[in-house]
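Two complexes are shown next, each including subunit A; its partner changes from subunit B in the first to subunit C in the second.
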Partner chain A sequence: MERVPILKIGDILLVSIQIDMSDQTAVTLQEDLAERIVATGCHGVIIDITALDIVDSFVGRMLSTIASISKVLDAETVVVGMRPAVAITLVELGLSLNGIRTALNVERGMELIAATRDDDPGYDDDPEGVESGTAATSP
Partner chain B sequence: MTAGVDLGPKTQAIGSDEDVVRVRQLVRTVAVAAKLSLVDQTKLVTAASELARNTLIYGGGGTAEVTVVEDGRRRGVRIVFADSGPGIADLDLALTDGYTTGGGLGLGLSGSRRLVDDFDIQTAPGEGTRITVTKWSR
Partner chain C sequence: MERVPILKIGDILLVSIQIDMSDQTAVTLQEDLAERIVATGCHGVIIDITALDIVDSFVGRMLSTIASISKVLDAETVVVGMRPAVAITLVELGLSLNGIRTALNVERGMELIAATRDDDPGYDDDPEGVESGTAATSP
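Here is the complex of A and B:
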């Protein structure tokens, strides 16, 4: 079985799904991520699905579950890079991706997580390596 | 016709998780060869993924047969999912959004029906299930 790598960048865990995942690979990713959130104390998870040419109900449910698990473990999840055809298909399939925050790309996903943490009065460290503000220009 | 591309029927056995991935890849290849639009390819591959998973989980495994079809005006891709599992006792209920007996989201059958142009299902208790879906080029 293939495994999806999880990268740590500053206060964020970045998962870029580059393979056509079997259901077992998706379940393993869910468990690996929960472990890495606890092990690293990261407060943000970015899941990049730019390379996915479909998201079916199983992967959709995995994304929702990851978002819920991270929330319980005090981390925000943002799904980035969804292709337009995938978005159209998801809506027609009937998946609403409840509780999932999305952004157009990784850079905006990082900004979204940083902004969320800044708004939270119970959290006062600045996440390392994340530029706050609006200076970033996206393509 | 398209030279150099084999458009004959292709069959993929469905007996494991990895086979569901293979069904997706086969359907994508054929949908591209049949020149479906990107959105139609995406819808068909997504529907195939749902139905192949159903064949595996509820039907105990089976086959997917993918064929390029023509109706004189347009070209399309037809997929037949067949299993010899327990069949579906209450088809109306099984086609309801959110209904599941397997712990999923209950969108597999109902959702994939919305993603294709033609959807036909033949099933009876004890006699397996045969689902035929077609997506036509526009």
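Here is the complex of A and C:
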């Protein structure tokens, strides 16, 4: 079975979707991505869809699910590289890509994620903060 | 025809190869990459082959050609994400990937390119330098 590679760049996980997604590939990608977010502690996921000619309801739902899973794991998701024709088709089909943020390209996606993290008052730059807080009470 | 997307991240062009490369796809990728190097002035190309189960002589030659083209255009090429099994097969097949530098993952590839540029005494950080040098002699 084909697997979509997940590339770690700094605090960001980058996924470039180039193959036709089947049910199984989509589920595997969601699982792989969730595991990598937990393993790396990354706070951002960028999904590049430059290679996709069509974003149908299946792919749209997959993107929404990934964004929701990432959100629960404290990571922002940004979809980048959408072609103009894809955007037009999405609107014509009535698909709104709920909960998905978009940016023109990878660099703007990274800026968007960085800006979001900076704006969030609850964001603690030290990932060990919570753990050390609970562990420090041992006598 | 399928096209391999080229993502710009800072001073680096990132290519993640996930599809089976045909003659035409390979030629298109080489042309696209050369154009993007010239258009963006990027000094590094990272080719991710995490998704490839097999690197045969065709893919090996394509990687070498890309590295040579990039070199002429003043960009370093690093191949990242090679699987252990692929490395073993490459050696068993007697393919040496001439002129290709490798790194374990994208981040290390970026470090390698940055280190190479820093070490190069002929490297001028100002891409306009050569042009302004020739244009300055007009009376």
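Note that in this section the second predicted complex is superposed on the first by the 123 of 139 C-alpha atoms of A that agree within 3 Å, B and C clash if a C-alpha of one lies under 4 Å from a C-alpha of the other, contacts with A are read in each partner's own complex, and residues count from 1 in each chain.
Just so we're on the same page, a residue touches a chain if its C-beta (ideal position, glycine included) is under 8 Å from a C-beta of that chain, and two chains touch if they have at least 3 such contacts.
The structure presented is a predicted model; accordingly, all values stated were derived computationally and were not measured.
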item: Partner chain(s) touched by A:D119 [first = subunit B, second = subunit C, both, neither]; value: neither
item: Partner chain(s) touched by A:L93 [first = subunit B, second = subunit C, both, neither]; value: first
item: Contacts of A:F58 with subunit B and subunit C, given as first, second, both or neither; value: first
item: Residues of subunit A contacting subunit B in one complex and subunit C in the other; value: none
item: Complex contacts: residues of subunit C adjacent to subunit A; value: 2-5, 7-10, 14, 16, 18-19, 48, 50-51, 81, 105-107, 110
item: Subunit B residues touching subunit A - in the complex, by the definition given at the top; value: 17-18, 20-21, 24-25, 28, 38-39, 41-43, 45-46, 49-50, 53, 97, 104-105, 107-108, 110-112, 114-115
item: Complex interface listing, subunit A residues touching subunit B; value: 20-24, 53-58, 60-61, 83-86, 88-89, 92-95
